[in-house]
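The structure appears below as structure tokens.
Lettered A, B, C, D and E in written order, each chain numbered from 1.
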Amino acid sequence: GSGGGSGSDTDSLVISANAIAGGKNEQEAKWIEEWVIPNFVDQKKEQDDVDVSVSFDASGVDDEQYKTKLALDLQGGSGPDIMTLDGIWIGEFAQAGYIKPLTEVVTQADFWEGWDQIPEAVQKLGSFENERYGIPAGTDGRVLYYNKDLFEQAGLDREWQPAGWDELVEAAEALGGIDGVTPVQLNAGTAMGEATTMQGFLPLLAGAGEHIWDKGKWRGESDAVTETLGLYEKIFADGLGDPLLQQEAQGRDKSFEQFADGRIGILLEGDYFWRSVVHPELGIAPMEDRDEVVGYAKIPAIEPGKGIHGQDFASMSGGSARVVNPETDNPELAFELLTFMNSDEALKALLEGEARITARTDTNADVLKDDPMLTFVADEVLPITAYRPGLAEYTRVSTLLQEATASVVSGSSAEDVAASYREKLEGVVGGAGNISN
Amino acid sequence: MAAITMDRLTKVYPGGVRALDEIDLTVEDGEFFALLGPSGCGKTTLLRTIAGLEESSGGSLRIGDVDVTRTPPGSRDVAMVFQDYALFPHMTVAENVAYPLRIKKVARGKRTEKAAATAGELGLADYLERRPGQLSGGQQQRVALARAMACHPRVFLFDEPLSNLDARMRLEARTFLKRLQRELGVTTVFVTHDQAEALALADRIAVMESGRIRQLGTPSEVFRRPANTFVASFIGSTPMNLLDGVVRSRGIEVGGELLPTPPEPAGRLVDGEKVVYGIRPEYLVHSPTAVPGSLTGEVRVVENLGHAQLVTLEGPAGFVQLVVDEDTPVALGDRGFAVPRQDRALVYRDGELVTAGADPTGLTAGARATGAT
Amino acid sequence: MTPPPDHAAVPSASDAAPVAVATAPAGPPPSDTEHRRREAQRAAGREGARRTVAQIGFYTFVSLVLAFFSLPLLWLAVAPFDANPGLSASLPEFTLQNFQVLWDNPYAMRSLGNSVILAGGTGLLVVTFAALAAYALSRVRLPGRDMLLYVLLLLSSIVTGTAAMVPLFNLATELRLIDSQLGVILVLSGGLLPSAIFILKDFMDGTPRSYEESARVFGASPFQIMRDIVVPVVRPGLATIGVWSVAQVWGNFLIPFLLLRSPDQYPAAVVMYTFYTEGGQANLALISTFSLLYSVPVILMFLFVSSRYGFRFHGGIKR
Amino acid sequence: MNGSKGRPLAGAPAGRTGGSDAAGLGRRRAAGFVAPAMLLIVAFLLFPALWTVYLGLTDYQLTGFAAANPQVVGLENYDRALGDDRFSNSLVLTLQFVLGSAVLGQAVLGFAIAWLMRNRVGALRRTVEALVLLAWILPSSVITFLWIALLDRDGGTLNALLNTPGTAWLLEYPMASIIVFNIWKGAAFSMMLYAAALGNVPPSHLETARLAGAGTFQQLRDVVFPRIKGHVLTNLLLISLWTFNDFTPFLLTAGGPENRTEIMPVFIYRIALESGELGFGAAISVLMLLINLVIALVYMRLLRQRKDASA
Amino acid sequence: MAAITMDRLTKVYPGGVRALDEIDLTVEDGEFFALLGPSGCGKTTLLRTIAGLEESSGGSLRIGDVDVTRTPPGSRDVAMVFQDYALFPHMTVAENVAYPLRIKKVARGKRTEKAAATAGELGLADYLERRPGQLSGGQQQRVALARAMACHPRVFLFDEPLSNLDARMRLEARTFLKRLQRELGVTTVFVTHDQAEALALADRIAVMESGRIRQLGTPSEVFRRPANTFVASFIGSTPMNLLDGVVRSRGIEVGGELLPTPPEPAGRLVDGEKVVYGIRPEYLVHSPTAVPGSLTGEVRVVENLGHAQLVTLEGPAGFVQLVVDEDTPVALGDRGFAVPRQDRALVYRDGELVTAGADPTGLTAGARATGAT
């Protein structure tokens, strides 16, 4: 290995991920320790008769702390050979020179057969400025969940796919007629944190036709931004959403509970919601009749064809990618291990039969086949999805967006908020030169 | 009016130490009364109980005509001077002296005036603006006195006020204190473990041991006729010689020598009984040559007392100390003879003085009598 | 409420003419005695009431303090034995399962050992070095000594913050102290030493000079004096600083996390963070149990030190 | 070690250092005693601290372009901080926090306990002291859980006790909560310091005041406080600094809600760790140091006044 | 062998205080030497300079034949007993006593044995395992002595070792110390501010004032013939009466009374010059009736000294104190007369004793002479 490495006599590699046995992300930690490492070592021995040693630096802490530690390692020219990074860190790490495009590190990078199994859109997760930096490990997608029973009660169809924001608002207004029901939960405010941006503002903005970061510039007071904030204004000013819920620290958990209780009509969330929140057995707000009651629909563009890339629908995705440290002593071997970890076989070993969206189409086809919802996300959403910019400034921009939605929710007009957002943005991204309208 | 009357006053500390054991005692109005005794005998406890700083566990206490057993210290109208003076270091002399008046809410102008007057009486007029740290020990002591005097208490309580002064200053302070008390006429209880101080200052002395009073009397009573061997060995600037003896028909045999029986216990002794023969070093007359009826021994130590010498003889009776005139030559190793002054010798049986009549402790008759006045 | 004791029995004598000399023995009128007696009785009555109120007040206060300081601890006593601990200290469904889980966890038990190494090492280093330095600073007048101490005290506040992690990390990298427990010990010691010296110096200032002088007359060297006389005499102070620095290290997360690589070396503070789910939710069963295990060593140390050496401060800046 | 050689040499400088050098240490040997501590301090405190000061003058970030090419930007970070609402917000909050929890809370509670326990011995005193000290030595991550459990809105012990179900203390009274929390956590130090200080107040002084008729308040004002002023100031200095730099409340409230508990160390943590803006974070650390310095100077000024007064 | 010789020894403290001002002094081998003087006169400084705890600013110091002016304290072979004893509180009595031996690298077994023996000699055998906090003051003092003795130093230095004891114990300790020093024969310098202690113990006394020696001599020399009014007022358990007088042809006029001129200065006085007439209270004889050539006054204070009384008269000569026999009745307010013993009266001119010949301070001739031996 390089920094974390041991002696350089035999070929040795170090893997690092924010996972630890007996703790956070235990599944991944166990998989690396008990499946990846022994199998890879055996395979090298059998195929090439090479002794390799692979070790795993486990940790189980907040993502920020894990990121900080990696960054400190990398800026000092050391660090693990293979590391798991959140997709949105790729850009900032690349800009800092901590990681390099795969082709610069490994000559064979483009010739991995696995690339074909990963959709173009998903590959963005491990890419920055059209260069591949790593292999995406898994992803997700955002949709609109709705309560079919409530729809029926409001006189709407049980099967629903809005084609534009108007239809969304219409449905909400219809739901507004039911007592004790909040028609729409659209995450807003700072208490929700990144959920406001990822499960709220950004997918809508994509529907309005814009990325928050595009062609090297951040979006300021653009029409799309104003329109997106306008939707917030519409929903919260007209009583279609519950402003108080947006301020509580446990607001997000509460919204989950309320949805499960049948007190929220429509909710924008990722597939995590389906898998882990309302899952009849494993969920934290389980719904026994999930499969009958919970409907899901793609997030519509403001009007058909007005979304990004002229799409009718939009979504946002996140996930992590595994990256090779450019400073590694054994780039080829590291890449071999990396591809090994992202093989169909390996991913299936990781999931142990659980349904979850991976980056690979072939894997997804197998593991998702019993879950119509995840299949829906894999088939319908992932092709139209977008990813957040992996830039250092992103977290601060995200905070500004959260604050902006909070202002709208508490009664300011979308135009005013957009203007003041732009003003603050200048301070955060280093001047007007980095902002486009 | 401001006599202090203690009736079976008892103090048991939480740990179980019986520091005062049913003390019956009356300190007369205007009297200068000394409490004397070894360390830990309860002197400070008695003083603090009078002041109200310790709550008594039993018995009653009156100051003047008023039962103050349960009165808080601030309302007993007593003033106390502590061994360390307890001057507040952050206040000037004037502020220190005025402090009790300030607590009693005397107006500023009036109390400044009063404090200055009191301090002036004690010769502190020039130091009013100094802080205690800038004063000598003797001056500090006077500030403490002035503070105690400032609110005209009915009783003064002094806890070893002189023991922090150096030997020279102690002598001066002692004379000063005595004169001051005479002039003020305030009832005063004075604690000390220095018997010379007690003898020099007090109208009456109580000698205490483990929470009890062992003798009560005027200084000369206590000095001349200690009621028991405890008091005998405690009082006197040089300790009394207490020698084991056996009563014989013609006298008392001490260390093989037959000494004449002192007149007082003469008829009260039984032949052959064991007694203790007590004689102060001052009442032994030195003789370089053998004298019948004298104690003898080899000169072991000679200590200069200034105008006299304290000579320690080691002989068949053990160590015997005697005071010898400064002009008498005494050399180490010499043989010396000590002739007792018969009228000053005392005889103790079972530790108690053998007397002609009245209780020498001054406790039963004495204390009761004074208590009744 | 009791009336303030200030009004208690202002003796009428204090208002009399300021001539105490000679006037005192002349008997005052009988009404004065009567007045005094009444005052004394009233004062005694008030004193009784005041005392009762004071007693009640004292025990109320003590009960409140006891409640205040023990209430939060309740959870620690209950939750570890609860099969489904929530954030309430309710009657548990008793189980020792959590302990079993932790016993089987590959890092949990070992991390306690690591914590002992880090905390013990730092404590030892801080106590030793701070004692030496505080002694010298207390005994020898160096120009600007007090200023130096204040400046170091202030600087220690920067370094214990997060902003200094880059310098610390790079320094450790340069000195090859990454992934070494020694590195953690050294870095932590550097941050703790100024406060330790500051507090210990007060203790050193309080030891009587004559002890040292007398040893010196016997021919003891300064080091012998320090070892034989000063250290035993200021032992409560050393114990205090020792416990303090151990407690500081025991709870420190950031430095060991940043400087250590292999999970085998992680102290308990770092391992404690791993008992969270993917979604960031705390696994209360494990966390409460681990908290208990994690607290036991410091509590034992505290009990040992306080019974053995006393645990107190001398203190403050004198002169 | 005790050989005769070298002794006269070593002895000579020893004497010159004056009466306070009872062990005959001498400056050279004193320097030797100080050296190990100084070495560690210089390496792991002074050097990183200066480096941090330097970082504060750059736009250095943990990631992004600024990580690859940090530029010296002069006082820009300071400019930005001073114009930043979040900074002034956190400064005000920190001052509230320090004033409320350290100066008023810990110092007063610690003093009250020390004062009331001063003449006590036995089980009661030992129990009280042990509990208070326990709060002080338990690791922060543990005690924050204890407090989260105590203050929890559903089923928290406090709500059960006060019969106020559903009160979210950490949301509704966030500042008050962390202040009370910090009082709980840190009162031990003040208690110990004051207990030692009260041991230095001669009983005779208190008793003189009592004999004069002074009540408790007057005794405290006239006798105790002037006497322990030095300890009070040492105590305030240390607990203020410690509280100022205390990061623990983050574990309880994460700076929220709405930044209402974003005290300075939390602010720095977020800037440095969550946003990765190390240059800016360093600049704020330096500002924090300067504020600490001002506080220390205020205290030392009071201290000097005391010195003058007693001279 | 172990005489201590100081030659122009000077100590100036950093602040500029001249604590020792060119001291010339020789303490003889085996001598028990007392340093006496008021607080702040430099006694402790002198002792500490001998011990090496203070470095002298000038002059030289020899112990025995060796110049130790620059020798560190541990190599001077002296032992010091501090006023507070400086017993190490964390060590047992045995460990305390053995500590100097431990420093001298004596093997454990041997030093334990030796410490036990030394402690035994001082009657501490039963306390070897106790800690100092569990001992009484007198026992602590003996431990400090045992520790000082344990390594057989050539010189003992005692800094007010008795001042922490209570009055009673002080007397016993003093006798004990004297006997011990006699037996060991070690050169001893003893600091005290209690003149009675110095008189009782010392072979010779130096009386100091502000860093200088004002008189050097045996106790009786210093007591009987104080070389100046400073020493006169300092020495004696009751201060000497120093009365302003004028020389007349037939005597010295004091307070209107003509007192006979003492024999010694007789021929050396000039008519009409102002002098101070000095007479100790012990050398004034009391008379209730007027006697020619006596001092008179009204009795102001009577202090009981045990076997005698100290009477203060206030008369035309100011306050005059005299010692009166215990049996003589003296009442406050009485008129009293005090007749000086002519052979004990002294005359001071400009503060210095008027003598027949040799320098009474014992400084020039005496010190030089002894210094030369």
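We adopt the following convention: a residue touches a chain if its C-beta (ideal position, glycine included) is under 8 Å from a C-beta of that chain, and two chains touch if they have at least 3 such contacts.
Just so we're on the same page, UniProt names per chain: B, E = ABC transporter ATP-binding protein; C = Carbohydrate ABC transporter permease.
Source: prediction; values computed, not measured.
So which chain ends up in the middle if you average the CA atoms?
C
If you tally C-beta pairs in contact for every chain pair, which pair wins? Let me know.
The chain pair sharing the largest number of C-beta contacts is C-D.
Can you compute the centre-to-centre distance for subunit A and subunit D, using the mean CA position of each chain? Integer Å is fine.
Taking the average C-alpha coordinate of subunit A and of subunit D, the gap between them is 42 Å.
Centre to centre, by mean C-alpha position, how many angstrom separate subunit B and subunit E?
26
How many angstrom between the C-alpha centroids of subunit D and subunit B?
Whole-Å distance between the two chain centres: 54.
How many angstrom lie between the CA centroids of subunit D and subunit E, rounded to a whole number?
Using C-alpha averages as centres, the distance is 54 Å.
Among all residues of subunit E, which ones touch two or more of the remaining chains?
Where subunit E meets two or more other chains at a single residue, that happens at 52-53, 73-75, 103-104.
Provide the list of subunit A residues touching at least two other chains, using ranges where the numbers run on.
65, 68, 72, 75
On subunit D, where are the residues touching two or more other chains?
Each of 2, 18-19, 22, 24, 62, 213-214, 218, 273 in subunit D touches at least two other chains.
Can you check the complex and tell me which residues of subunit E touch subunit C?
48, 51-53, 73-76, 78-80, 82-84, 86, 88-91, 99-100, 102-104, 151
Give every residue of subunit B touching subunit E within the complex, in rising order.
Touch list, subunit B to subunit E: 38-39, 137, 166-168, 171-172, 174-175, 178-179, 182, 193-197, 199-201, 219-220, 223-224, 234-239, 280, 282-283, 300-301, 303-307, 310, 312, 326, 332.
Spell out the part of subunit C that touches subunit B in their complex, as residue ranges.
5-6, 8-11, 13-14, 16, 18, 20-22, 24-25, 27-28, 33, 36-37, 39-40, 43-44, 46-48, 50
Contact residues on subunit D for subunit A in the complex?
It comes out as residues 61-68, 80, 168, 170-171, 256-259, 273-276.
Considering the complex alone, what residue numbers of subunit C touch subunit D?
4-6, 8-9, 58, 61-62, 65-66, 68-76, 79, 86-90, 125, 128-130, 132-133, 135-137, 139-142, 150, 152-168, 171, 186-187, 189-191, 193-195, 197-199, 202, 209-213, 215-216, 219, 221-222, 225-226, 230, 240, 243, 247, 250-251, 253, 268-269, 272-273, 282, 287-288, 291, 294-295, 298-299, 302, 306, 311-319
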